[in-house]
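The same subunit A turns up in both complexes below, where it pairs with subunit B and then with subunit C.
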Partner chain A sequence: MYNQIIIDNFSNPQHTGNLELADYEIEIGNPVCGDRIKIQLLTHDNFIDKAVFKAWGCATSIATANIFCDSVCGQPINSITQRSAEHLAQMLGELEPSQHHCLHILTQLHEKLAALLKAGVV
Partner chain B sequence: MKNMNLHNTLIQSGLDPVKVALSSVKQLYAMTEPQLLDFKFALIAQSFNFHYSNNPFYRKACEDKNISSATISTPADLIKIPLLPIHLFKANDNYKLLSKNLNSIELEMRSTGTSGIPSVSRRCSETVDNVILGIYAMYREFFEISKGAGLYLCPSNEEIPEMGMIKALNLMAGMLDTHKFMVKNETFIPEDALEQLARWENNFDRHIIGPPFLINRFIRFLKATDTRLKLDKNTLIITLGGWKRFSGEILSRKEFNQECVEYLGVDPRQIRDIYALVESNVVAIDDERGVKHVSPYIHFSVRDPKNLDQEVAVGEVGQLAILDPLACSTPGFILTEDLVRLLPKQEGDERSGQRVEYVMRLPESTEFGCCAVNLDKQLDNNEDSHANACPVIV
Partner chain C sequence: MKTEHISGYFDYNATTPISDEVAKSMISAIGQFANPSSSNNYSQLAKTVVSHARENVAKLLNVKAPNIFFTSGGTEANNWAIKGVLSKHSDQPGHIITSAIEHASVHDPIKYCIQQLGYEVTYLKPDSSGAINVADLKGAIRANTQLISVMYANNETGVIQPISAIAKIAHEHSIPMHVDAVQLVGKQHLDVTALNVDYLSLSAHKFYGPKGIGCLYIKDISSIDPLIHGGGQESAMRSGTENVMAIAGLSKAAEEAQQAIEQWNKEYWSYKQHMIALLNAAPIKVKFNGATNYIDALPNTLNITIEGIRAEALAARMEMLHHTIISIGSACSNNKTKKASHVLTAMGLNEVDIQASIRVSFGRFTSLSAIEMFVQALVAETQVLLSISESGICKSN
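And then the complex of A and B:
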């Protein structure tokens, strides 16, 4: 049911946590029944120094939060918002139909980060 | 320990005692109380040994309390089994609860209360086998349902997949001839429900199935339009999902029953509530007297909330701990946030095993309800938005 990328990131997440002060904060979720993810980022010189998350929901969504954090650490902020849809799909590996909403979650995380950048929320 | 021997005999014969129990609900309820407790104990002890051996997080919790497989040797030791507080299923790091690799997980189910944080339970194939067999066995035992039409006053699984309450109710649909989900796109139109019941009249026994507040919502409509239905003599009004609304208002079971009698034209014996939790595989179902019977292979231990190492006496209110041997992917030993009381066996009640009455959610609980309360809120919000809408002249 789960590919190895999801298993590794769910079973051994490296980026769980909470920051007292964050440069960026992204929160997504369905208030009725869905997954909830909160990401916090620390930046330095337009690079992401640290990324942490808290997530509640299915295993794939929790893994997605960890994958996102892992992929942005040490990266220039602008490059993250320019990732293609194919690139995002590859980040999660092959998903089953019931897990596909997590690709939407990953896309939303990138879109929200892009929107924060555009609005100059730093 | 005759039934420990029965348990061992089943294993030696190559049978799975849990599967045998699941297919023998009637026979288990017919055992004497000590026989049933011994057999149930054997199932729970076997489950404890499995999780103790395979779940590092749970094993550490046991070792911290000096509990090992050797400690759990008689039914009197059941109280020593360490419990997982139910909030752990909502925790950010609930992967620790798994006794098996994520790769063996087949189904994730969830429930979301007033906090909006989902409680997620993960079931492996073996647990899915167990829970499905267990739910069907209990539906057959208490509802004896195999035909008819089900008016589901809730959304379909297609609209909210993974929701435990809907999944459990939806299992019943397979036993019926036809069914319809009456909540669509977070909207419930009582006129449509009424029309559907009329369409089924004289063709099927008509059953109404859903969370209490939604059936209550339908009855409010019948009341407002002064409509009194006369459903069928085999009709069942089946409720699941708790009795507290998002607003905090508690629906009175007594009033609910009276209104079902008055507006749906059923007898009180036709109104049946189910107690269930997404984190557990138990279903406790009302018999025709409105008394809830616990699944005979699962043990309820009702604890003193001020001293959780102690059980309260039958009839006294306490905090519910569930010992569930059906759970293979996560330990099924759960401390709930529900206050219940165990009821004594009444004269004329043939079944052995435990009877339970739900009282309320623990007052200090941070939230209440399951996905049903969020549905309730959503429907209220939709109605409010329509009520405030600018009238449009067409």
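And then the complex of A and C:
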């Protein structure tokens, strides 16, 4: 069963799409279950203006991509990488054991963004 | 039964709704408190319910009533047939033949017999049609083969196995034969006497009866060890006070199936043909796994690969947005493992196709309009998922 956060974000994702020009692009995949997510971010004055995703995966992983995009919109980009593990877990709500890989996906998305910022990739 | 409440239920191979008549017969039996095995006046009514049920099940299978033994369901019946036959040979454990596409309630007791008792096993693989090959079975027989256990119809694909031919070969070699007929009973006419198998399992909840009740047909009780020792019920083969209410439900389910099976069968087949036609005409790419014709597969089951989607996501959208239930061939188990259908794997499907596969199974409470609404929803949700997944994003899988 899915919690309400996952249901809302999976059944009606608001951030699907593609950007012709993105400031940041994050792509992750899970070699075991095959989930793949691509996130594109558009920034202005170090704030995230727009976040979109494309995903191929289970319901929870698609919901995770939408939750990530929704959570970063309008936020200063540096603040996103400061989120704690508890904060990330709360973003997804209570998950069943078979859905726990999505917390890993969310963590990976934050780690990849942090790595891009550190490397100064724009 | 208010069928509109379950019009989105397309998982009849997992379990079926209890019919109104079955529910009535169970409610009526709940008052039969007496122990059917006692000899007092109160017990007579309960005893009649049990013996009447045995007659009804025997009639459905075309066998004699004393050869029907009630169990808690298909899993128990399968376990009993396998362990009960093989325990007769425990001093000289030999060889078992089964298929690679059996239900876990056959595979796991066989695995137990291999690991704990020293038996050897040959797993016969199906071809792409989903059926095992009779020549492969012939070739697998050894001098010490002590049991052949093959399912009648596969739960995931609905593909019917060549049971009659296998039974003939088994008897030519004097090898006992068990058939897990859980998915076939109640969907297709079955004459177990003509089939001439030694053991056959069925489960009530697969054909509109209650959960927790099934039976094992045993041709010759001297060929198998009792399952439960105790008070001597079920001819001392499966002791324990009978579950009269569940038995009453099975009885009515068997009676209803006996009377209506031809009609159900025809309806299911017309729905299946309609669904195939609608899917083939839809603007999505589908592939049917295994045989889909009337002779080689159950008329109520379709296993479908839908190109470009993850079945898990499709099933979730169907349930969340259309209250429609389907079954899937592969699921995330956790971050390190996944559970892929052993049936589709044995049929040679690749990982991406298995992840994109769904099972659709319908039944007597399904209507033609429900089939049409189902396909409409399936196509719409497939298109949503295709739009979410960027072209090529899943290529690396």
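Here is the rule we use: the second predicted complex is superposed on the first by the 119 of 122 C-alpha atoms of A that agree within 3 Å, B and C clash if a C-alpha of one lies under 4 Å from a C-alpha of the other, contacts with A are read in each partner's own complex, and residues count from 1 in each chain.
Following the convention adopted for this analysis, a contact is a pair of C-beta atoms (placed from the backbone, for glycine too) under 8 Å apart; a residue touches a chain by one contact, two chains touch by 3 or more.
Quick caveat: nothing in here was measured; it's all calculated off a predicted structure.
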Original post:
So, on subunit A, is it clash or fit between subunit B and subunit C?
Top reply: clash
**OP:** Tell me which partner A:97 touches in the superposition: subunit B (first), subunit C (second), both or neither.
**Re:** second
Original post:
With the two structures laid over each other on chain A, which partner does A:62 touch: subunit B (first), subunit C (second), both, or neither?
Top reply: both
**OP:** Go through the superposed model and pick first if A:10 touches only subunit B, second if only subunit C, both, or neither.
**Re:** both
Original post:
After superposition on the shared chain, which partner residues are touched by A:87: those of subunit B (first), subunit C (second), both, or neither?
Top reply: neither
Original post:
Given 81-89, 153-161 or 225-233, which one is the stretch of subunit C whose C-alpha atoms run into subunit B?
Top reply: 153-161
**OP:** Starting from the residues of subunit A touching subunit B, keep only those that also touch subunit C in the other complex, and list them.
**Re:** 2, 7, 10-11, 13, 16, 29, 32-34, 36, 54-59, 62, 98
Original post:
If you look only at subunit A, which of its residues touch subunit C in the complex?
Top reply: 2, 7, 10-11, 13, 16, 18, 29-30, 32-34, 36, 38, 54-60, 62, 97-101, 104
Original post:
Which of the residues in subunit B end up touching subunit A in this complex?
Top reply: 90, 92-93, 95, 98, 101-103, 105-106, 108, 110, 112, 116-118, 120, 122, 160-163, 371, 374-375, 378
Subject >> In the complex with subunit B, residue positions of subunit A that touch it >> reply: 1-2, 6-7, 10-11, 13, 16, 29, 31-36, 54-59, 62, 98
**OP:** Can you check the complex and tell me which residues of subunit C touch subunit A?
**Re:** 310, 312-313, 316-317, 320-321, 331-338, 351-352, 355, 387-390, 393-394, 396-397
